[in-house]
C-alpha cells in the first residue's frame, strides 16, 4: 500500500538529507557517513547532510515522509520500505567481490551438531540465539531455510516447538558470545562474525564452529523516495557509480561501509528477500 | 459608616458564624471586637469586605449593600477597605517595597501592575507610608528577613498605601510579644487619629482592648453581647462576655 | 520511686494500625517472593561462566581510553547539551500553564483539575523513544527531533512538580491580595509568582541535569546526541573509545550538575 | 504627602540589572542552542499533520497482541522490583556516609558524595550496554544497570534528606549517651523514613519506565518487544504494548501515591 | 560535684566561648546561669556533658576530668548527665513513649534498643516519669502533636528516665509563654528537691532566675562576673551582669 505525504512528484530540495543505518552485517560499523556526503555534495553541487540513524524503521518512515532523500537500507529494510512507501532502489553494495552475503549457523566446537541435518535430532533441547527478528541474516533467512528444510509451518512452531526456546540478543556479536558463553546452543549471524571478536576472544575461531550457511542475501542498498526529481535521482546514481573509478572514494567507502564497489540495483533483486519473508509465513505479511 | 442589619452567616458545613447581628459603626471610630475563640469575631470582620458572604440580612458599607456585590464591584469595595492579618500575609520572597506597593493593585491597571509601571506618586506614597511606621530603612529587604513586628508594620504600610476608608485588623498582634504588640497597636491608633480612618480590630487581650479602643464590641456564639464605649468597660464586662472569670493569659501584659 | 506504673493499654487506634501494618507486610512479602522467584527462574546462570574472561578482556581496555576521536565525541556531547538545553527551556515554559491546571488550589473544578493531572501522567508515561521516532518522521532525523522530544516529555514531570509547588504556597497571601482589591492576574503576579518562581527555576535546572542524560538515548532512533556513537562504539567493541566517551560524559555531567547545583542554591 | 527621595523604584537598581542580564543570557544561549540543533519551528508546525497521522496510524491498537506483551511486562516489573530492592538496601549505608550531618570527616564525606554523583552521571543506556558486554544478554545486566542507576538517585535524595534533618533531635539522643547506631535509629530514622519510602516508590516507577530503554540494547524486559515491533513497522502492536505499559504505570503510581499518603 | 579549673574554650572560628572559668557546683544545687545573649551560658553548660570540648583547663564531673573523654567513656558521662533543650528536641514523628524511653539508650544494649526490647522496669520507669510531669495521658501520641509546654514536659520525663545525677537545661522556657514557663520551672525545681539531682539552668529572664535558683551565676563575654546565692541578688546585680539597665523584656512576668 502506498501512503506517505510525498505526492509531489518532483521533489528537489535545496539540501539533501542522507540517512545512514550502520550496517549490522559487516565487520566494522561506521558511525558517520560524512566524508561520503561531502563528496556527493561536491559532485551534485548541493548541500548533502549525513545523519546516522541506528533504527532503520525510523529511517524508512522518514523516507516515506520525504524527510530523508537518500537512504542506506539493508535488504530487509528496503523490502519493508517498498511495501509501505513508494521508494526506488538505485544501487547496491559489493563487498569482498560479491553483491550478496550469507548468514551462518555457529555452534560450540564440542556441539553434537556437525551439519544442519543434525538439528532434526537435537534441536528439541537447544536454545537458538539471534540478534533481532527483523535482521535479514540473523533471523529471516535462517528461519526460512529451517522451515523449508524441516517442513515447519510457521515461526511460532519453529521457535517454540522445533527449538526448546529462543534468545534474542540484540546483535550479531552478542549472538556469537551467547553461544560461546553457553547461554545458547546455536546462533545465526552474518558470515563471519567471529572475526570481529577475535580481539576480545582470541580463541573464538576454535571454540565456535560453523555448521552451515544460508542462500545468498542481497547486499544493502542505496534507496531514494520515488517522489524525488527524476533528473536528480539519475545524478545521484551516477555520482555514486563514479566513485567506482575514484580510488580515494573507494577507500572512504570501505572505511564507512565496508564497500568495495557500488553496483546498479533493481527492485527484482530483492524479490528473493520478499519471497523468503512472505513464504516463511511470518506473522507479519508484507502486502 | 458601616451598618449590619440583621446579618446572619451560616458556613457551608452548618456552623453559624453570625446570628442576627445589628450594629452601626461610624466614620473614624476605633472599635475593638473581643470574644472567645470561635465567637465569630473573624467572621464579623471578614463580612465587611466580603471575604465571607453573609447568608442573610443587609450589610451597608458607605451606604451600599455589599452582600450582593460581585466581580469588579466587589474589588472596588475591597480597595476601599484595607485589611491587616494575624500572620501579616506578606509575600515572603518579595521586597518590602513590592509588598507595600501591592496595596495599590486595586487602583492600578493590570498591565501596568504586571510590568511594575507604577506612577511616581504611587511609589512616593508607598515610601511615605513605610516612613510613617518607621520601617523605611528596610525598603529593599526581603519581607522574610524582618522580625514579626517589622513585618506587621510593613503590612500596615501596605494597607495605608491602599488609601482605604476603613481598616480591618484580624488579631494583628496575636503573633507578637508584648512590647511589639503595643507598638503595633500604637501605630494603628495613630493612623486612626491622624487620617480618621474607621478602624475595626479583633483582639484576644482585654487589657489592650481597654487601652486602645474608643468602643468595644463583645461577641459570643455569633451574637453581639456587649457594645459600649471603652470607658464603661470593667473587668466584670469581660467576665460577662467570656462567660467565665478573667485569667492571666487573657492579658497581654504591659509594655 | 514507687512502681505501680504498669503501662496503660494501647489505644484501639494503635492496635488497628498494627494490624494494618501486618497486612501490608504480608502483601509486600508475597510481592517479593513473586518478583524474586520470577527473576531467579528467568536468570540464565550459564552467562557467568565467561564472566571472568569478559571482565579481563573488557575492563582493562575500558580504562585505557582512546582519545584519537575526541573531536567527534566532543561535537556529539555538545550537541547533546544543546538538545537538552533547548528542550528543557521549552518544557519549563510549557509546564507553567499545565502546572496551574493540575494544581488543586488553583482550579475550582475537581474534574477539570484531575484531567490536568492525568494529562501530565500521560505525558510522563509516553516513552520518549517513541515520541522521538514520531518527530524523526515528521521533521527528519537530527537534533531538532531531539529538542522536540525533550521539550514534550520533560514538561510532564515539570508540570507535576510545578503543580506541587503551587499547591504548597501560602494561600493567606492570596487572601491578602484579594482583600485589597487585586484582580486574578494581579494576584498571580504579585501573590503567587514570587512564591513559586524560585522553585520553578530550581526544578527546571534539575530537569536540565536529567535531560542531559535523557538526550543520550535519543540517538538510538536518530534524534541526535551522543547515543548513536555510544551504541556503535559498543557494537564495534571499541572499548578504549567507549572508555573515553564515558569519561567525557561523566566530566561534562558533573560540571553541569555542579554549576546548576550552585545556581539552585542561590535561587531558593 | 511629600517624598524626600528623588526616585523610588520597586527593585533596587543592582537587582534589576542582574535579573535582566540573566534573562538575556538564558535567551541568548537558547537561541544559540536552537541554531546549533537546527531547530526550525516553522517546519515543525507545518508538519504537525504528520505527527497526528503517525499517532493515528497507531490506532486502533492491536488488542490481539496484548497477550504476547504480558510476559515481558511481568518480567519488566519483576526486574524493577528486584533492582529497586537492591538499590534501597545498598543506598542506606551509602547515603549515611555521604551526609555531612552524620559523617564529620570531610574526606570520607566528599569521597562518597562524588561516588554517588558518578553513579548518577552515567546514562542508563551506557550502563546497560556495558553490563551486557560483561554479563552477556539477559535480565541480569538489566537488573544491574537499573540498580546502579537508581542507587545513585536514591542515595543522593536520601543523603540530602538526612542533611536537612533537625540536628537538635540528634543532639538530644547524643546527650543521653546513645552511641552512633542508636543515634541513627532513634534520631535519624524516624525523621527520614517517610521520605525514604516515598523515594523508594518513586525510583520503582522510574525503573519500570527505564526498562523500556534496556530492551533496545538486549537487556530484557518489555522494551525488547517494542523494539522488534517497531522494526517491523507494526505501530498498532506498539500501541497495544504502550497502552498496557501505561495502564501498569498508572496502576503503580496510584498504589504508590496511596502508600505515600499513608506513611508521610 | 562539678569543678571548672581554669577552663577556656575557643571555637574553631576563633570566638572565645569561655575564658578562664573557675567554679565549683555542689551536689543537689539548683544553679541558674544568667547573662546576655552570647555571654557563653550555653557553652558553659554544654562543656559539662562535653557537647562542646574546652580547649584549655580541667573540668571535673564526679571527680573525673571529662575533657579527655572519648567514645565509650564519653557516652558513660552523658548517661550520667541529662540535658533539656530550648526547643525540646523531641523526635517529632516518634511517640511520646518512644521519646521518653530513649532516655534509657545509654543504659541499653544497641541491639536491644534497636529491636525495642526494653525491660519491663525501664518501661514502667518511663511511664512513671511521664506521670510525674502530668503528661501520661499522651503516652502514645506523636510528639509533634503536643503543645510546646507539653513537649518540654516530655523532654523532662526523658531526662528523668535517664536517671541522671546532673540535669542541664539550656533555656528550657525560652519558647514558652509565661504561665507555661513557670509550670516547667516548677517541675524542674520539684525534681531537684525530691531527687537531689544537681540542676543547672540557663535563663534569660531575671525574675525567674531569682524565683527558682538557689544560686545564681552571672556570665559576660565568656567570664563569670557574678556568683552567689539567689538571696543576695538584687536588680543592681543584674545591671552589673548585663552592663546596662534592666528592661521590660528581661522579665518573663508573673504566673
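Order of writing sets the chain letters: A, B, C, D and E. Residues in each chain are counted from 1.
In this text, a residue touches a chain if its C-beta (ideal position, glycine included) is under 8 Å from a C-beta of that chain, and two chains touch if they have at least 3 such contacts.
What you see is a predicted model; the values in this text were computed from it and never measured.
J.: Please report the smallest number of touch steps linking chain A to chain C.
T.: Shortest path length, in steps: 1.
J.: In terms of C-beta pairs in contact, which of A-D and D-E ranks higher?
T.: D-E
J.: Compare the CA centroid of chain E with every other chain's and tell me the farthest one.
T.: That would be chain A.
J.: Distance from the CA centroid of chain D to that of chain E, rounded to the nearest Å?
T.: 45
J.: Can you give the whole-Å distance between the Cα centres of chain C and chain D?
T.: About 4 Å separates the centre of chain C from that of chain D.
J.: Distance-wise, how many Å sit between the C-alpha centres of chain B and chain D, to the nearest whole number?
T.: 48
J.: Spell out, as numbers or ranges, the residues of chain C touching 2 or more other chains.
T.: In chain C, 44, 47, 50, 58, 133, 137-139, 142, 220, 227, 231, 237 touch at least two other chains.
J.: Any chance you could list the residues of chain B touching two or more other chains?
T.: 98 - these are the residues of chain B that touch more than one other chain.
J.: What are the residues of chain D that contact at least two other chains?
T.: Each of 47, 50, 54, 136-138, 216-217, 230 in chain D touches at least two other chains.
J.: Where on chain C is chain D touching in the complex?
T.: Going by the criterion above, the answer is residues 31-32, 34-36, 38-39, 42-44, 47-48, 50-51, 54-55, 58-59, 62, 78-79, 81-83, 85-86, 89, 121-122, 125-127, 129-130, 133-135, 137-139, 142-144, 146-148, 213-214, 216-217, 220, 224, 227, 230-231, 234, 237, 242, 245-246, 249-250, 253-254, 257.
J.: Give every residue of chain C touching chain E within the complex, in rising order.
T.: Against chain E, the touching part of chain C is residues 1-3, 5-8, 10-11, 14.
J.: Quick check: in the complex, which residue numbers of chain D touch chain C?
T.: 26, 29-30, 32-34, 36-40, 43-44, 47-48, 50-51, 54-55, 74-75, 77-79, 81-82, 85, 117-118, 120-126, 129-130, 133-140, 143, 209, 212-213, 216-217, 220, 226, 230, 238, 242, 245-246, 249-250, 253
J.: Would you pull the chain B residues touching chain D in the complex into a rising list?
T.: Per the stated touch rule, the residues are 95, 97-98, 101, 116, 118, 120, 123-128, 139-140.
J.: Residue numbers of chain B touching chain C in their complex, please.
T.: 49, 51, 75-83, 85, 87, 89-94, 98, 102-103, 105-108, 110, 113-114, 155, 158-159, 162
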